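Going by the order they are written in, the chains are A, B, C and D; count residues from 1 in each one.
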Amino acid sequence: MVGIHGHADAARLAVLALHALQHRGQEGAGVATWDGAAMRCHRGRGLVGEVFGPTDLAPLAGAVAIGHVRYSTAGGDALRNIQPLVVRSRAGQVAIAHNGNLVNAQRLRQDLEARGSIFNSSADTEVVLHLLAASAQETFVNRLVEALYQVEGAYSMVLLAEGRLVAVRDPWGFRPLVLGRLGEAWVVASESCALDLLGARLIREVEAGEMIIIDAQGLQSLQPLPRRPRRACVFEQIYFARPDSVVFGRPVYGWRHELGRRLAEEHPVAADVVIPVPDSGLPGALGYAEQSRLPFQLGLLRSHYVGRTFIEPSQQIRDLGVKLKLSPVREVLAGRRVVVVDDSLVRGTTARKIVRMLRDQGAAEVHLRITAPPTTGGCFYGVDTPDRDALLAARMSPAQIGAWLEADSLGYLSLEGLRAVQGEDRGRYCEACFSGDYPVRPGAEGPAQQLPLFVPGA
Amino acid sequence: MVGIHGHADAARLAVLALHALQHRGQEGAGVATWDGAAMRCHRGRGLVGEVFGPTDLAPLAGAVAIGHVRYSTAGGDALRNIQPLVVRSRAGQVAIAHNGNLVNAQRLRQDLEARGSIFNSSADTEVVLHLLAASAQETFVNRLVEALYQVEGAYSMVLLAEGRLVAVRDPWGFRPLVLGRLGEAWVVASESCALDLLGARLIREVEAGEMIIIDAQGLQSLQPLPRRPRRACVFEQIYFARPDSVVFGRPVYGWRHELGRRLAEEHPVAADVVIPVPDSGLPGALGYAEQSRLPFQLGLLRSHYVGRTFIEPSQQIRDLGVKLKLSPVREVLAGRRVVVVDDSLVRGTTARKIVRMLRDQGAAEVHLRITAPPTTGGCFYGVDTPDRDALLAARMSPAQIGAWLEADSLGYLSLEGLRAVQGEDRGRYCEACFSGDYPVRPGAEGPAQQLPLFVPGA
Amino acid sequence: MVGIHGHADAARLAVLALHALQHRGQEGAGVATWDGAAMRCHRGRGLVGEVFGPTDLAPLAGAVAIGHVRYSTAGGDALRNIQPLVVRSRAGQVAIAHNGNLVNAQRLRQDLEARGSIFNSSADTEVVLHLLAASAQETFVNRLVEALYQVEGAYSMVLLAEGRLVAVRDPWGFRPLVLGRLGEAWVVASESCALDLLGARLIREVEAGEMIIIDAQGLQSLQPLPRRPRRACVFEQIYFARPDSVVFGRPVYGWRHELGRRLAEEHPVAADVVIPVPDSGLPGALGYAEQSRLPFQLGLLRSHYVGRTFIEPSQQIRDLGVKLKLSPVREVLAGRRVVVVDDSLVRGTTARKIVRMLRDQGAAEVHLRITAPPTTGGCFYGVDTPDRDALLAARMSPAQIGAWLEADSLGYLSLEGLRAVQGEDRGRYCEACFSGDYPVRPGAEGPAQQLPLFVPGA
Amino acid sequence: MVGIHGHADAARLAVLALHALQHRGQEGAGVATWDGAAMRCHRGRGLVGEVFGPTDLAPLAGAVAIGHVRYSTAGGDALRNIQPLVVRSRAGQVAIAHNGNLVNAQRLRQDLEARGSIFNSSADTEVVLHLLAASAQETFVNRLVEALYQVEGAYSMVLLAEGRLVAVRDPWGFRPLVLGRLGEAWVVASESCALDLLGARLIREVEAGEMIIIDAQGLQSLQPLPRRPRRACVFEQIYFARPDSVVFGRPVYGWRHELGRRLAEEHPVAADVVIPVPDSGLPGALGYAEQSRLPFQLGLLRSHYVGRTFIEPSQQIRDLGVKLKLSPVREVLAGRRVVVVDDSLVRGTTARKIVRMLRDQGAAEVHLRITAPPTTGGCFYGVDTPDRDALLAARMSPAQIGAWLEADSLGYLSLEGLRAVQGEDRGRYCEACFSGDYPVRPGAEGPAQQLPLFVPGA
C-alpha cells in the first residue's frame, strides 16, 4: 500500500513502490490517481509487473496517487475486489486502499444494505466507502471520521479524495504505515523498503490512531479516534515484512537475527552444520549459527525461477512442488547432523518434505528450529493464517509435531524468548496467534456512536 | 538439455527436467517425442512454465523424449530457432537438441547451400541435420558419425531418431552431459540436478567423444570420434552450473566454496563483515568468510519476484534496475568495512551500482572480491560472453577496474589459484576466457575426412 | 435482450437468442442465470461469439436466464456497463437487462446519491436497481412497481429475481418485446427472430405498460403502470429490427418492401436499373423496382468478411473504408442510369462515397432514394442517432443534400407516405426523429408519486 | 495472391489487396517484402484483418511485396504452411506465393529428399523452392524455368527474388492471374477486384504459360514453357471468383446472371416466387426470375455477423448451424410455391436444411435450381472439393438427389447449357469436375526434361 502526494510522476512512483511491496500481496495490484478533474485507475490480477504493461501508465495522470497489492484470498479473486476501490458518491470521488481486516464489517454491511446500499465487491473495505457516502457530515474529513467511528479492527488505509491524500492507521496500530519525503513530495507506505526504492527519506511511523491529511496546504495530523493500547502485529517482524525494512520503529533483519541467537540459547543441539530454509530462514539461521558457533552453510538452494509448472507430477516424483522450489545440496548434507532454521511452521506440510529431502541426501540427523513460538490461533487482523484445524500447533504438542515431521528434534522459540527480543516494546505487540490473547474479537462494535467534535474546516 | 528413454511419461519427465535446467536458458523451451509412428513437438519462447501450459503435454505421446532450453541470443529469437529442431529427411524423422557451439558451422552451411540445401533456421545445429540428410551411409548411426566427422567445436547433443535416443559429447568435452537411471528408464541431462529432481540415479558422465545409443535392445556405448585432450569448461564450475549439481565429476557447491577460501588467502583485507552478491556469490562468500574468520551477513537481499517492470524509471531513481532485484540492508552495512563477494565480473555495470548502493547505506569501506580470474576473452564454445570490447578486464588492469567501480579494493582469484582448486584435473579444463589459450579456433576443420570403420548393424 | 424461464438449458438458449439479436448491439454481451442459490453471470466486450467461448457456459447453471447485447456507446465501453447488471441488495439478488433509455435517470441518480447510494456503472439502468434497493415495499414485485413509478422514458426490461423472471415494457411501448413458448418453457425477446432461431412459438407482444411475472406458479400478467398513448418506435420498422422479425405486430420485410413501393410513387425517375445498398436497402429496393417496373440488379456487393482492417489507407486509396465493405459491379453500372435505394440517410458520409463509386464505374446518372423521411432530430429513447449538428437533414434541404452528395437526384419518402404504410396503426408510432414531436422530454418526472394498490402476495 | 512492384507502400497495398481476395482463402495470410537487403515477412493463421494488426506493417519495408491468402486444408494448418514461403538458398533470398495444386509434387519431393533436401512444410509449393536451390543454372530466371519444366499441374505464382517480382501462370491456365497498373507501380493479382480496391487499372490477363518479370529495368514477358491447350477453371466463373471481378477476360456477375437465365429455360416451373440462397445464388436467381418472369424476393436473409458460436446446440434446435447464418422470411414464403436458386450443390447437407426451413415457414412447394451441372468428380487443380464419396451427384441421379433433399423438384444446368454460355471460349475451360475429362492426371511428369534455350542475361 502506498500513497504519493505532490510529484509529477505520482503513478510511476506508486507502481515502483508496489514492486518493493510485492511480498505483501501477489494476487492483484492497482493504482489510482486524481488528474485534477477525475479519478483514474488501473487494476488487474497478478504481480505488479504483470498488471502494469508499457502503456498502462500514460492514462494515470496527476500528482497524487495511491496503490495497493492484494494479498488475502478472502472475498474471492474477482477483479472487482482488487484495490484501490474507486467510487463516485455524495462524498465526491474517492479511491481507497486498505491493509488489514475489519472485524465488524459483516454487521455494518447488513445495516447498510437494509438502508438500501448496494455493494459491488465482497471486500470489507467497501463498507468504509458506503459509510462515507451515508454520512451526513459536510466535509470529507468529518465524513471519514464518522465512518471510522463505526468500524473496528485492523486498518492502515490510504484514501485519495479529489486531490487530497489521507493516510490513517487504526487505534491499535496493528498494521504498519510509514511516512516519508522525496524532495517536496510526500510518500506513505506500508514498509520503509518502498521508500528506499524510491530514494525517499523515512520521516516516521504514522501513529496508531493518527490521520494524516496532505493537500495543497501541506500536511496536517489529527488524532480523531479514541486511544487504544498499541498492538502492533509481531508476525510482521517475524515473517511478513521485508528484512531490509524498518517496521514499527525497528530494523527487521536484526530482529530476526536476534531471534535466531535467542533460539540457539533455548534449543541448543550437538550438530555439524546450520542451514536456513531460504530465503525466509536466512537471518535467523545466521543468528543461530553465530550463537551456537556452528558452521553456516547453504544446504538448500532456492530456485531463481518461479517454481510454477502446469505439468502435474507423475506419482514417481515425490514432493515435486517443494523440489521445484528448493534443491538440497548433498555435499553439505551427506553424513552431517543438520540444524534447519525457518521463521515459522504453520501447516507443516513443506517442513515435512524438507526433512525427508535432507535425509534422502544423506543427512545423519535433522533438527528443526523455528524462530517463533507455536502458531496456535488464527488472525482476525489481516494475516491469512489457515483455519485453526489446519494449524499443527493447535492440535499437537511440539514433541508430537517433531515426530510427525520425522525430525530428530524440533525447537520453537518460547513466547518469553520472543518478548525478551521486544525489549522496551515488550507488551505492546499483538501476539494473539501465539498466545490466544486477542485485542478485539470479530463482531465487536466500533469505538463509539458518540462522535467527537470535528476539526472545523477539515 | 535432457533425453528420456523407456518411460511411459517421457514428455512429462522431460519438461520437469527442463525446469531444473532453467538456469541454462530462459529464451525458449521445447520437447519432442516419438509416438511410435511420428515425431511430436511443442516449443515456445519464454520460460518452461510459460511454454508448457496445462494442455500442451497431452499430444506429446511416446516413451522417448528429448528437451531443450534455449540460451544464446545468437541466431535471433525466432521461434524456429528454438530446439528441439525436428525434420523429416532421407535420414528419417529426427529431432535434435544441442548445447554448445560449432566453430565451423558457417563454412559447412555454405557448402551445403552450394549443393542445394535450404536452411530453415539460423542455428548452427541445423548443419548437423543437413549433414545427416546428405550422408550416403546406410544406417542412422553411421550417418551421424559421418556428420560429426565434419563438425568441429563444442557439442553435447541428444537426438531422437524414430524411437532411438542418441546422446553424444564432443571429443574435447567442453559442455557437460550425464547419464542416469530412473527405474528401467534411462535419462541423459546437462546437469545432475535434473536427475535429482526426477529422483533418478546418477550413473556417470557421458565421456568426451562418446556416443551413447539407447533403443529397445538397451544401451550401447561407442567412441567413434578421434580423441582430443579433455577441455571441460571451467566457467560451468565457476558460474554456469547449478550449485547442487555434480559437473565434470565434481560437486559445484564445494568447488565454489573452495574458490572463496582460496580468494581469502590471496586477497585478505581488514574488514568487519563479508557479504555475498546473492545468489551467485553465496558459496564463495561463505568460503571467504570462513577462511578469513570474518562474520558473514546478508547485506544485500534478492527479491523473490522477477524484477521485471515495464515502468521506466524517472530520472530521480538512480540504479532502479539493480534496486528492484537487490536491496541493501542498512543495519548490516552502516559504519562497517564490507567485503562483497561475487562469482564473476564481466561488464561491471551492476557491480558499480552495488558499490554505490552499499556506500549510500553507510558502508565505511567496500572491498570487492571475485572468485574467478579476470575475464579477458570471449568464448567460442557456447557461453554468451560479450564482445571483447565490453569486457572490463580486456581493457583495464584490476587496479583501474577497482577505481572505476569506486571500490576501496578489488581482488580477483589468480589463474594459479583457480588451477590449485582443480587438483588432479588441473590442466584438463578450458580456461580460454581467462588465459586466451583457445583449444580450437573458429573456422577449424572437422576432425578428419577419413572415416573410421563403422559399427556394423548400427 | 432475452429471458428464458423453465428450461434446463436456459443459458445456452439465451446465448443462441443473443446471436439472433446481434444486430441490436455489438459492443458487448452477457447472460445471467439463477442456479437455485446464487446468481451467475458472464459478460464481455465484443460480439456474442467472442464473449462466449467453449467453457463459459458450464458455470451458468439454472433453468432461468436473461441475456443482453449492448448497443449504445453512452456510458462508455467499460466492462461494468455491459449488462445484465447483477447485484445483491435489500431486494435480494437481482439481474437486469434493459433496452431503451430513461429520460429522467440523471435526476434520479442525483437523488439516490444524495441519500448515500453508490453507483457502480454509468448506465441509466442501474438507477432501477438502486430504486429497488431503496424501496420500503415488502415484495419484489411491489418494489419494482414502486421503482418504475419513478422512472420515465423508454424501457423494455427483463429482470431475474432469484428464480423469478420479470418482463416489463414501458407505458408508451417505445421498444419491442415479445413473448413466446418453447415446449413448457417461456421465452421473452426483443424480436421474434430470436424465437424463430430457438424454434419457439410467438405468442404475442408484451403490451405497453404490461409486467409479466413468470415463476414456478406459472405466468401472471399485470398492468400496474398508468396508461399512455402507444408510441412504438417507427425506426425499428424502418431500420433497426431484422427483416425476418415480426415487430409491433407487423412483419418487417413486407413493411420495408411497401415503403419502397410508396417511394417509387412519390419519387419516380427515368432510369435503367434499381440497385440496393446491401443489405439495408434490399427490401425497399425490391419494392421500388416492382412498383416502377425497372429491372433490379446488384450493383453493389457486400463483403462476407468483416471489413475490419488495422491497415490505414495510404492517401491514394480514396474511400477505402467503404470499398472494403461494398464493391461496385461495373457490368451492372457502366452507362446506366441508376437508382440506389437505402433505408436511411443520417450523416451522409457513406452515401457520398457510394455515389462517387458508382460514377467511377461508369454510371450515367445516380438517383438516390431513401425509404424514410429526412432525419431531423435525435432520439431520447434508445436509438443512437448522432448529435443534431451531425444530421444532414437538420441543416439542409433535400435539394441541398442531393447536391452535396453529388447525386443527380435525391428522394425521401414523405412523412405522409410513411403514415400511409402504417395503416390502422397510423398515429400510434413515435416518429419524433422525423417530425420533432417527442412524446416525452428528457428531465420529465416519472408517471406519479402516488402509487397504485399493489397485487397482494406479489 | 498479389504482387506489387515499385510502390513505396508496397506492403500496405498488398495487405489491402488481400482483403479484396479474402474469399479465396480464410485459413491464413501473409506478406513478404524485399527491403533492399533482406526479405521481411509476416504471416499468421486466420483472416487478413486478424493476421495484420496495427504494428505488423512497419517492419515490412520495401517497394516490392507479395501476399497470399491460404485456402486449402491440404498440408494441415501449421503456421509453416502459410505463404509466402521465404527461404535463403543458393538461388538467393526468395519468397513465393502459389495458387493452385501441383499434380507431381509428391514424386518430386521424394527425389529431392533422396538427394538430401530437407523440407520444412507440407506444402507442394516448397518443391519449387528446392528445385530452384538444386538447379545448376546461373541466373534466377533460368533456375526458375528449369524448376517449372519439372512441375506439372495448376499454378499461378508470384515470386519475390531480391527485389525482382516474377509472376507466372501454368501452360493450361487453370487459375486466374491479372496484371494491372497503379500510377508507376505494377500490380499482379488473382482477380481484378483486388485491382479495383487499390484503384489500379486492369491491363490484361497474365497469359497461360507466360512468365512476367518486373524489376528496375521494367517489365519483361517470356513464354518459356511449352504450349498446352487452355483449360481455365470454370468453377471460378460459377462459384469461386467474386462477382465484381473480371476473370479469364469475362465479367463474373453477368456470367452468373446468364447461367440463371439459361437454367430457367432448361428447368421452368410454375411457381410464385424466386429466391436466392444468399449471397452465392443472388446473380443466378435474378437471371432465373427475369427469364421466367416470376417475382424475385429475399426469402432467406444472411446474417451480417459471422455465424460462429462456441455454444453447441441442444438437441431441440434443429439445423442450428444453418439458422445462425440464414434466416427464412415467413412473409415471403408462407403459402407460396418457391424456386430456390444456388450456384452449386456439393454435399447437399445445407441444401437439405434449407428445404426443411422453407417448408417450416409454410412454403407450399420448394423447387431447387442449381446454376451448374452436377459435380461428379473432385479437382486436382486447387479447388477443395470433397472426396468423391461425399459428392451427392457421384452417387445419385438428380431425381434421387431431389428426393433426398425433400424438394418438390431439382434442376441442374446442363453441361450443354454451361457451354452455351461460354460462347466463343467454348471448349477452352476445364470442366473436369462436371465432365470427368481431366486435362492432366496426378503423377504426370513435368513438361519435358529437355530444356529450352534460355533468355540470355535473364
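Note that in this section a residue touches a chain if its C-beta (ideal position, glycine included) is under 8 Å from a C-beta of that chain, and two chains touch if they have at least 3 such contacts.
Predicted model only: the values in this text are computed from it and were never measured.
Annotation of chain A and chain B: not jointly contacted by any chain, touch as defined at the top. The chain with its Cα centre farthest from the Cα centre of chain C is B. One inter-chain figure worth recording: chain A and chain C are separated by 51 Å, centre to centre, where each centre is the mean of the chain's CA atoms.
Separation between the centroids of chain A and chain D, computed from CA atoms only, is 64 Å. For chain C, residues touching at least two other chains: there are none. By the definition given earlier, chain contacts exist for A-B, A-C, B-D, C-D.
Residues 9, 12-13, 15-16, 19-20, 22-23, 26, 47-49, 52-54, 56-57, 182-183, 193, 196-199, 242-244, 251, 253-254, 279, 282-283, 286, 290, 295-298, 301-314, 316-318, 320, 323-324, 327-332 of chain A are the ones that touch chain B when the two sit in their complex. By the touch criterion given at the top, residues 87-90, 113-120, 129-130, 133-135 of chain B touch chain D in their complex.
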